[in-house]
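Two complexes come next, and they have one chain in common, subunit A, joined by subunit B in the first and subunit C in the second.
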Partner chain A sequence: MSTPTERTTGSTEVKHPDGKGIGLWLKLALVLLGIVLLALLPQVLSRYYIILMMPFFAYSIALLGLNLLFGYTGLISFGHALFIGVGAYSAAFLMRDGGLEYMEPLILLSLLGAVIVAVPVGLLAVRYIGIYFGLLTLAFGMLFYSFLLKFYSITSGDQGIRVEKPILLGFIDTTGIDYLTGPFYYYCLGLLVVMALVMWRIVKSPFGLTLRCVRDNSVKAESLGIGVYRYRFYAFLISAIYGGVAGVILAVSVGQVDPTMSYWTSSGNLVFMTLLGGFTSFFGPIVGAGAFILLQDQVMSLWEYWRLVFGAILALIVIFAPSGLMGLLTMGWKKVVR
Partner chain B sequence: MGDVVSILMSGLFSAAILFLVAAGLQLVFGVMKIFNLAVGSFYALGAFFGATLVNWAVGEGLPQPLFFFGLLIAGILLGVIGPVIERLLRPIYDRDEAFQLLLTFAIVLMLEDITMMIWGSQPRSTGSLYLVYGTVNLLGATVPVYNLFVIAAAGTIAVGIGLLLSRTAFGRVLRAAADKREMVQSLGVNTRRLYVIVFSLGVVLSTIGGALVIPVTATMSEMGVELIVEAFAVVVIGGLGSMRGALVGALVVGYVTTLSINYYPPIEMLVIYLVVIVVLVIKPRGLFGGETA
Partner chain C sequence: MLHAVDVHKNYGDYVAVAGVTLFIDEGEFVSIVGPNGAGKTTLINVLTGLLQPTAGHVHYKGHDISGAGPVKLAQLGMARSFQLVAVFAELTVMEVLQAASLTRLGRGMRLFHSLGSDREVRENAEHIASLFGLQDQLGVKSGQLPQGNKKLLDVASAFALYPEIILLDEPTSGVSTSDKHRIMETLVVASKEIGIKSIIQVEHDMDIVFGYSDRIVALYEGRVLADGSPQEIECNEEVMRNIIGREPVRNA
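Here is the complex of A and B:
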């Protein structure tokens, strides 16, 4: 058995995200098209599908963060739902006990909550990689889950806490309009675009390059004078912040927070979405979140045993298409172009 | 005194069950280097199948006191799923750990629903069967004889695995394969068959654990995913891949659980994970980490 800290990820057949696929302009056009489509959806789709799509924004934001860790830094977290839980519960507490009504301070304070939790967790976890990192993050996630479940007087246990609809940008509240499918939808879309832009800057910066270097050869990175733990810690912190913001959105979209948000299977599903969309691509996780939600809805309406179907899909992806939907699409595109 | 003995015995009982499941996890990890999240689902399968088989056998007129063996047989019979799942895992033996973990997560999702499809969400139990052996009075504490049987069975299995690994030719091959698979293969060992055997053995250990727990409780739809996190705590505390670690870890988790349930139930899981984190921080590879199988 090799040592837990020095084991390299060593996957040769899977290409990691390098931004080299289709051309930049085409990519930009596709992204703009995606945003326009998302913006038009409330005009086209029924209210049911809009409500169904609400968690999409939350998961997309969380997965952008998770993939900085998984795709770019090579660390697999099986406890990332912890930060969604922290963000969601922070928002719920702030509204229930703090009387806070405005969305922006909610996001900022919940984000701060995620950072406060992520610092000690990250300091411990980044000393490990591979399976040990996964297990340690799983342990922290479950620690938080059991706190939520058992400390009934603070958290209301498995009943969860109802979440009100906060005021957006200081003036949009719920009076007279369909809050969730109207202003809140566009608010989330805007937030997703901003957070994606920030993440794009991060992964294209020297910092992002350094993370990839740490992922591919941590020994060499160390000998080049890169503080490997420090960079992994930063990546962990950023991904936690994304998780926290996602938690707030999820809490408001669902109108309710409950402990299963941070159960280990929720973390597993997050990794599942990332892989489904394709962790080797920047936009893969977003595609994965959308595909997961739509697929789940379809399969559930046909057959109650949706987990059986999803398990089979996940197994097929892991075995045959580890670069996910985006990987398949890029492959298909290359064939068409040639 | 009665209270102390009572806590000692119920801690030992949970440790016995946990050890069986964790041993399945360790054996597979030790040899195949795959952390199998699905052991919890095997455990649940063992519980459901054990309850069904025993209830059926008793209904057919088999003498009730034989039900303990019925449970063991149920666990062993489920070994047939071992080769099937091992076949599914085969393509990813040389892949990144993240993918191995994810594939076993896919198996968890599938097995959860397969169990639901077969048995539904109604709790299953074997009723008052476990009282056919009566109870004994140990220094003022009333202990069901069945619990002693389970503890004895787990102890026997633990000794059996220990002897198998240390004293037999097969055990030596296993330990060698755990260290250097290619070397063992080039020496003429059929490692493909070895993996099938090891994985099936791991399945059987977990399913026996599940089958044996059922008389004292009832099956629940979430029992598998809940147990995996406890089994996970056991192996992390004990050290991944080490059998001795599984034993010590099971005792630690078993007693921590029992003590907190007796004195302050809300902190049960919290304490387990605190122990896990403390152990990982102080001894990253667990108390017995680095030993092979």
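Here is the complex of A and C:
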């Protein structure tokens, strides 16, 4: 007996982010340990790996947002790199044409840019679910990609735009220090912690619970007086904001923006990272982002056909571990405790 | 309270409801009966705004609510339950009832409040759970409840809206006979406690229909065949033979 809203794969039951897997205190301790470890990394790792951590922070933030849509609202976006692109290009434009050189207004204005784009896209897309929602978001992502590529006079096409290093907190600039591995690394870490806290608050709020109702059964949700489209729309906006912030980090850390940032393969990578880490867990996507970046770095240096390896991994996850790495970790933990 | 006037609903060429006029007053418990395909669920879906009628109107408390949509109707004090079990499978019993309480109090959009520390919502949910005997299963995921309790939870979440009128689409279908009366008793007691004014139900089990209804509406091929008290229906030969499947009561 299974209703269409239940997502089960064979005998492996997919648990949603709401499940209380391990104790709250243990979770808190693990999270704090994670933050401390991340803070210590620049002392131990080489510059190469610290630079590799920048996209980790960016994607982690983007995925926190994406998973509000995917894990909590049940909408799979295949075009989410659109908002990373909007955030990144907003920052690039603001610096190149606006002469803005402070990080905080850059983030706020780029986030606003993401919202402006997300409103029309969201209004249209949230009326659809499943594959239709996915394809619509994919279409808008491709539209933006084409815009970036073709409107050469504004976007410089595939050459992209150079991005300077903005001043952090109003006083930290690049003079005399290694900006990226020093202050910018900690800035990104701080941003990730803040944005994760805000997202934690959102998923544990009345709004978060209502989103899960919409995900599990939208007809029933409506009969309880829940305006399904409105909730999906707000979830979409929030996820776009997270994408926009991620875009700014990515732009600054790479020092360059180009259209591939919002190409469909980037959106695909985001979905891959979410599945790899586990969309059923709050921290799954962050784990997924870390694992993806490490794996990509390692496999790419070994074999030029790294995408083949990634394809195989994705297939294995979907079939054998639909709850991703976090699902496997929780399962392993439960066995240890028992 | 709820008036349907000459309601029609067609699906392409197929006529599901062919001109139903129905008046539900405050304080009534009305059962809609009829064979499969008589248009019962379609009628409920039109009455609850899920479907727009092809022709005709539905009025509720002075508002024309034809096709108004369930969200608007929930705000106006109308709730419903579903024929097939409709719960949020991944949510616990507590969470389902909390969600219903949240929409009733208009707090669903609260983004940064902590759900866990909203005492009013929690107590509300616990109160409804105890009315339906679900208080010991608050932590159980809805999808893992036994069938009878899923059904109860579906109804309970509708009751948690504190509606004035409730439409129940086969509240006891797919439930064992012993559970049926338990569900109905629970339902009647809970509706008094909550202050629900009218109940409309679609039901196949004639013991339940005759045991609990003030009025019975018999539908046949999309039309109202009869509309009257259980005593009147019992004497209606056509309805008893064609719909109830029993001999009419003579000289009752």
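In this section, the second predicted complex is superposed on the first by the 324 of 338 C-alpha atoms of A that agree within 3 Å, B and C clash if a C-alpha of one lies under 4 Å from a C-alpha of the other, contacts with A are read in each partner's own complex, and residues count from 1 in each chain.
Just so it is clear, contacts are C-beta pairs under 8 Å (C-beta built on N, C-alpha and C of every residue); 3 or more make two chains touch, one makes a residue touch a chain.
Treat the numbers as computed from the prediction; the structure is a model and nothing was measured.
Asks: Identify whether subunit B and subunit C fit side by side or clash on subunit A in the overlaid structures.
Replies: When both complexes are placed onto subunit A, subunit B and subunit C end up side by side without any clash.
Asks: Quick check on the superposed pair: does A:318 touch subunit B, subunit C, both, or neither? Answer first, second, both or neither.
Replies: After superposing on A, A:318 lies in contact with subunit B but is clear of subunit C.
Asks: If you stack the two complexes on chain A, which partner ends up touching A:130: first (subunit B), second (subunit C), both, or neither?
Replies: A:130: touches subunit B, not subunit C.
Asks: Contacts for A:268 in the overlay, against subunit B (first) and subunit C (second): which applies, first, second, both or neither?
Replies: So A:268 only meets subunit B here.
Asks: In the superposed arrangement, does A:260 touch subunit B (first), subunit C (second), both or neither?
Replies: Neither partner.
Asks: Taking the superposition as given, does A:78 touch the first partner, subunit B, the second, subunit C, both, or neither?
Replies: In the superposed model, A:78 contacts subunit B only, not subunit C.
Asks: Determine how wide the angle is at the CA centre of subunit A between the CA centres of subunit C and subunit B, giving a multiple of 10 degrees.
Replies: Once the structures are overlaid on A, subunit A sees subunit B and subunit C at 80 degrees.
Asks: One more residue to check, A:219. First (subunit B), second (subunit C), both or neither?
Replies: second
Asks: Per the contact definition in the header, classify A:227: touching subunit B only (first), subunit C only (second), both, or neither.
Replies: It touches subunit C, and subunit B stays clear.
Asks: Examine A:204 and indicate which partner it touches, taking first as subunit B and second as subunit C; both and neither are also allowed.
Replies: A:204: touches subunit C, not subunit B.
Asks: In the superposed model, how near does subunit B get to subunit C, counting Cα atoms only, in Å?
Replies: 14
Asks: Show me the subunit A residues, by the header's touch rule, that subunit B contacts in one structure and subunit C contacts in the other.
Replies: 5
Asks: For the complex, which residues does subunit C have touching subunit A?
Replies: 48, 50, 69-71, 74-75, 79-80, 82, 84-92, 95-96, 98-100, 102-104, 107-116, 118, 121, 143, 154, 157-158, 161
Asks: Given the complex with subunit B, which residues does subunit A contribute to the contact?
Replies: 1, 4-5, 7, 9-11, 14, 70, 76, 78, 124, 127-128, 130-132, 134-136, 138-140, 142-143, 145-147, 149-152, 263-265, 268, 271-272, 275, 305-308, 310-312, 314-315, 318-319, 322
Asks: Under the definition above, what is the set of subunit A residues touching subunit C in their complex?
Replies: Per the stated touch rule, the residues are 3, 5-6, 15-16, 18-19, 198, 201-202, 204-210, 212-213, 215-217, 219-228, 231, 234.
Asks: With touch defined as at the start, can you tell me which subunit B residues reach subunit A in the complex?
Replies: Subunit B reaches subunit A through residues 33, 35, 88, 91-92, 95-99, 101-103, 105-114, 116-117, 178, 225, 228-229, 232-233, 236, 240-241, 265-270, 273-274, 276-277, 280-281, 284-285, 290, 292.
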